[in-house]
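First chain A sits with chain B, and in the next complex the same chain sits with chain C.
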Partner chain A sequence: MNKKQRMRAALTALALAGGLMATASAQAAGTLTVASPQDPGSWDPVDTFLVNWASVATNIYDGLTYRGPNTELVPGLATSWEELDNGTRIRFKLREGVQFHNGEPFNADAVKFTFDRLMGEEGKKGPQRSNYAAIDHVEVIDNYSVDFHLKASDPVLLIKLAGYGAMIVPPTYITEKGEDYFNAHPVGTGPFKLASYEPKIGIKLEAFADHWGGAPQLSNLNYRFISEPSTAVAELQSGRVDLVIPPTIPIGMIPTIEQDPNIDIVTTASPTVYALRFNTGNGITADERVRKAMIYGVDRQAIIDSILGGQAAPIASFQGELSFGHDPKMQPLPYDPNKAKQLLKEAGVAPGTKIQIDIRGNDATFNEVSQAVASYLQIIGLNATLKPYETNVMLNDIIPAGKTGELFQQNWGGWTLDYDNTAYFMYHTGEKWNPYDSDAELDLLLESQRAITDRAKREEILQSIAQYTANQALEMPLYNLNAIYGVSNRVHNFTPAPDSRLRLSDVTVD
Partner chain B sequence: MARFLINRFLQTIFVIFVVTLVVSFAIRLTGDPALMLAQGAGSVSEDDLARIREGLGLNQPFLIQYADFLRGFFTLDFGRSFLGGTPVSQLIGAALPATVMLAFAVMFVSIAVSIPLGIKAAVSRGKWADQAIRIVSLIGLSFPNFWLAIMLVLLFSITLQWLPPSGMDGFASFLMPAFTMGIILTATNVRLVRTAMLETLQSQYIMVARAKGLSENVVLYKHALRNCAIPLVTYFGLQFGGLLGGIVVIERVFNWPGLGTLAFDAVGARDYPVLQAVITILSMLIVGVNLLVDIVYGLIDPRIRTE
Partner chain C sequence: MSATTTKARFERYKNLEFILGALLTGGICLLVVFSDLLFPGGGEKIDLSARLLAPFASMDHPFGTDPLGRDVMARVIAGGKISLQVGLLSVAGAVVIGVSMGLISGYYRGFWDMVVMRFADVQLALPFILLAITFIAIVGGGLTNMIILLIISQWVQYARLVRGSVLALRDREFIQSARAIGVKDINILFRHLLPNLIGPVIVLMTLNVANNILLESSLTFLGLGVDPLTPSWGGILADGRTYLQNAWWVSVFPGLAILVTVLGLNLLGDWLRDSLDPTGRTSR
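This part shows the complex of A and B:
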């Protein structure tokens, strides 16, 4: 071996070693830091209703079913299921050899424990129980199969089992450590396990190598709670945060981020829809012609193009394209100010009539939208004033009590992506979000689809409900807003989730 | 002196008591936390709400809830947050030091800058240095602090990437929030020091001190500064109290994990136990600082002790 050869050999050895190191680090390496707008305070699945609970907890827990960003329902901790007795009993085959983070085995007892807890005393204190009211009890058949006995069939139940209150929790751990301890020290079967949690500051997770789906690509996953959007974006720009999740980035900040060469905006259709609903009980908006006139009178596409920077799609009913019950053939009423004026004249509404639009004061983007709406209404001869409320006051004290103006803001977006979850709450008699209406025909339609498990038939009824509400012009459907993520260039393999339930096990970082 | 202290102490207790009563009562007029908690849960019946209220202890009459709060206060058990059930004492235990440390940093920046500048301005009254200091402090006074905060973040975090834009994470993270709040206080403080100093410098004992041949620094910092300390200590003390309350905006912009952020979130979530505890603690701090100012008075100026 001469000198030159020795040199080459040394270099080859070095390169090989380097290559080895690189492959070693490609497995479970790197830390991803996520900015999340809110600390839910408890990581217990039965305690929460917050989307930002799910954007963390989807990595800690598994459900019997799983639904990822492509919105397809696939097996989770259950490998298969079968609907029996006209949909009032579901038999699940459970995945074998699965472990909780603390080493406890996952089996039929854990499933029974989870749902006994959700439907029992502990669940009664929290907001999740009512979503699973269809479940009567869970019966253990053998170590790896369970029967769900239902009070009535629930066509959306399998989707509901993929998130929130239905996340499977470890029985021995909770019994031994107690409920309070579990709130701050969650244990599940998911791809990441808890490393540390500092209330109001952040939560740190680390890879759970024994996850049944294989070890995640990242070794650490850190969440920081940052509520102020401009602060979260500054952290992203300065490279200390890799991912900013919705609902944080306001439309107005998108250009700033797009100009930055190190970060990108990634968007996807979301379930969130915006409408101005009408006071159909009293005043001029009790007249269907007036409601239709207002819809004709507002150029919604122009609002989407200018104020929303194209990050939204027009809607014909109070649901987006992801919603089960969405009818692609249904078109929104066109912008037609002349028709609007004519309808108002027919209804005997004098030009200059005053109306009030109630909005949430802290929603800067929607404030702009509603100002545009008010100007459009001005053009057809309605004198609209905006009344901003504190969000919680509006949601809890104004709308349910029927104290709104002629129009009021409503945003909605159910993670189940099923129109039932919107329509039933908005239009059924006596529901909290339906303070003005009582329509027997609509009630009947809404109730009928809940008993049907045949998907095609159910979709047909949901579509007819959407058509019915559009014919009656129960609201001015505005738009379906995208879910907006800010992502650093060092992040790869990231797929934006429409519902913020992000599972980050395939993501890698440079 | 003892009687003076006891008097002031009793007043302090009374003020805190009234504050807790008013806060506990007023916060319950803002709306129902059970509705908040059930917001995301589609259909909610009155029964569900009643159960949630019972779980939170809101079915009790106000006086019992208030008595519970007072009792908890003396045992340092402030109950649990409505949102997630974290013990309030744990939240306060993390947030209080963060806020107090930031407030001290702000005061430090402000005092360290304003005393030398104020004295310089007083000594060179009417000359260009005085004018320059006055103009600069006027500019400082007219900055809205949140705007200044955003500009600093743009420059030091995003463009230069020297400082973290938010959070409490070591010495570097103190610089921007302390400077932002500090600069605005400094603007007022410089003028205050200047005025107090001007008055003192005209008195006869300063003339005597100078006549004795003492160095200018000894005259200024030992004789003059001590004599004009009374109005300054009062003002700085009150300022510190005000600062604890006024730090909310800055805490929010810098995502500082302090009492302001805690209170802000608690208002949004109708989280009574957290809000009650934060406001009570803030009022105790403010009232306590005032008491301290009174005591320090006595130490600086023996005449007050006997009054």
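This part shows the complex of A and C:
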């Protein structure tokens, strides 16, 4: 660089900085920087099932319905809806005067385009389509009303319309620019629009002043993809990041953050539950008494209080308290090693019998939990070994093929917060996550609740399913882990979202 | 300063190198071998009420306790069993195979050289993780399999190193004269060539011992490793990573154990290289 060039570069930089300052002071809002553990790679709603897609994209897109941090379903792009024909047809009234970021108007055609795309060829390539399998087709009634024709009633559909694959996308933009361009240049109707996206590094959003809910408080919202927890926490401590979202911060780092006066830990109940499920098909765990003995023999509360630092709640069935179908009256089996030993004796299990616990190799916190479980089982006379698997091998081969040890790790966290989303996949005959069981009575219960639209009745059946599985001790329910956020003190008005689907339009920064 | 005193000093320093190396390596090995006597139970006992105690906070736990309340000292010493086995056996295996292959292909050249070296090229082109995952899928995990995998993936380094040196040495006068007076090939290979090229091999060996001790813990993530309940240096180190800021002792002590072992092996290796070097270059 010669002198002249350097001069010019300096002047340009100054001018740019001046320009930036001018815009920032004009809106008097500021920038929030978020550390997210993962780059989803594509911002297209039909392409993803990643939580960390949603923690960005909830700011870019809107759905017909909306569910915020309080988990209540409210109108989104649809202002009202009614269920017709026994729940097989839903009529939505659409919000008028809404615009996409590129200026395209939102109307019934955009809704039809979105769902034709999701249920058609483009949707077939991604993982979202099956969640919306109940939708047969969308019919345009007039410019601001649509009918959803369903193959069968789906009690969870309205919730599903609030997220992921059901985000409304701009028809003209996608048709003109093409699918590949849309993956990297998302356009929606949400409170923030895309400024720039650098794969694996970060995505920058800026306020969309014409949002139907009013302009957001922040002018800029930047996400940086930082997968290593200690790096993310160090950036938070040094002030280069204002918010670290789950699932990043390991329990072990919470004290580090709590000791720092400038940052805080904010937690909320999450849908994520952990269990050690039993191999109910073979070995000693085919005996219900042995399964119960193992549950009695592990002090789950002590594990929560110590290893998990209290950032979890005990569970009685494979769901958390946010889940529809959770029964607050159901209590987990207490810790009772004597009863455990007695049950094992009744079942004729010799002391020192070997059992194997299969776990995911890369989950540091659960690794500690499972070691504690193994030592508790040792106390009641079972000689447990741990077998770590690579996560994909475990999920795609070991569990579905029924090749597990006596116990195996399962985490589950459906964002729909509906027990059907868990129970059906875990217990119905022939499902991927149910390699060992076939119980006609349970199948019937699981199927019966799917056809019911009466919420109270459905909740009752879901609760009875939870009770049924607990009576049979189909798994050792461990805990419901909190969603853990690291937040800088300069951030205000931040409400942690249990499902990581963060909408940051009300947040302000100093 | 006369030449003799410099030499005497050097000899003394060489001896010091040997003594220190032997002390460090021997000490660690002894501790590990007798760990069952020193710490019956091997620090397996979990005590959730005594988590993350600082060193010397209680005299029962001079190195402190880990996140599950286990004694770090007992675990570090017991953990040496797995780590030293993996580190030493894998390197020994890779050296035996790699050095023989390298000697043969460098000395005889021709067809076998081509076969061995092309095979080595192909293997070097395969990323280690890919090799590891394929290996697990076919033969499964466990300690023995892990050592075999490390041997398979590392013999190539030694083979290429040795072959290169042999190519440089095989036409030198002392080899030619040995051949001329009818020394058998096997004697040329192991008596005349090997001592001349063992220096870099020893350096590579000491580096790989440390490397493999750490690899053992990362392979555990892939499901190839040992039961997480069985302690190993790499494993304890990895477990303590998230606690580094508020409980440094969980990862520092296994780290020190690796450091001491590798330092000891390095010193021993240097000494061995110098004592084996037939040209005496290093001692001048």
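Simple rule for what comes next: the second predicted complex is superposed on the first by the 482 of 510 C-alpha atoms of A that agree within 3 Å, B and C clash if a C-alpha of one lies under 4 Å from a C-alpha of the other, contacts with A are read in each partner's own complex, and residues count from 1 in each chain.
Basically, contacts are C-beta pairs under 8 Å (C-beta built on N, C-alpha and C of every residue); 3 or more make two chains touch, one makes a residue touch a chain.
Remember, it's a predicted structure, so these values are computed and weren't measured experimentally.
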Which superposed partner A:G239 touches (first chain B, second chain C, both, neither): first
Which of chain B and chain C A:V393 touches, first, second, both or neither: both
Partner chain in contact with A:A302 - chain B first, chain C second, else both or neither: second
Touching partner for A:S230 - first (chain B), second (chain C), both, neither: both
Comparing the two partners chain B and chain C, which touches a greater set of residues in chain A: B
Which of chain B and chain C A:H492 touches, first, second, both or neither: neither
First, second, both or neither for A:Q128, with chain B first and chain C second: first
Partner chain(s) touched by A:P199 [first = chain B, second = chain C, both, neither]: first
Touched partner set for A:F425, first chain B, second chain C, both or neither: first
On chain A, positions contacted by chain B and by chain C: 230, 393
In the complex with chain A, residue positions of chain B that touch it: 31-32, 35-45, 48, 51-52, 55, 81, 83-86, 90-91, 94-95, 150, 153-154, 157-158, 161, 164-167, 252-255, 257, 261-262, 264-265, 268, 270
Residues of chain A defined as touching chain C within the complex: 229-230, 250, 252-253, 255-256, 259, 302-303, 305-307, 359, 361-362, 364, 367-368, 370-372, 374-375, 384-390, 393-394
Chain C - residues contacting chain A, complex: 44-46, 48-49, 51, 67-68, 133, 136-137, 141, 220-223, 225, 227-229, 239, 241-246
Contact set on chain A toward chain B in their complex: 38-42, 47-50, 124-131, 180, 183-184, 198-201, 224-228, 230-231, 234-235, 237-240, 391-393, 395-397, 414, 421, 424-425, 431-432
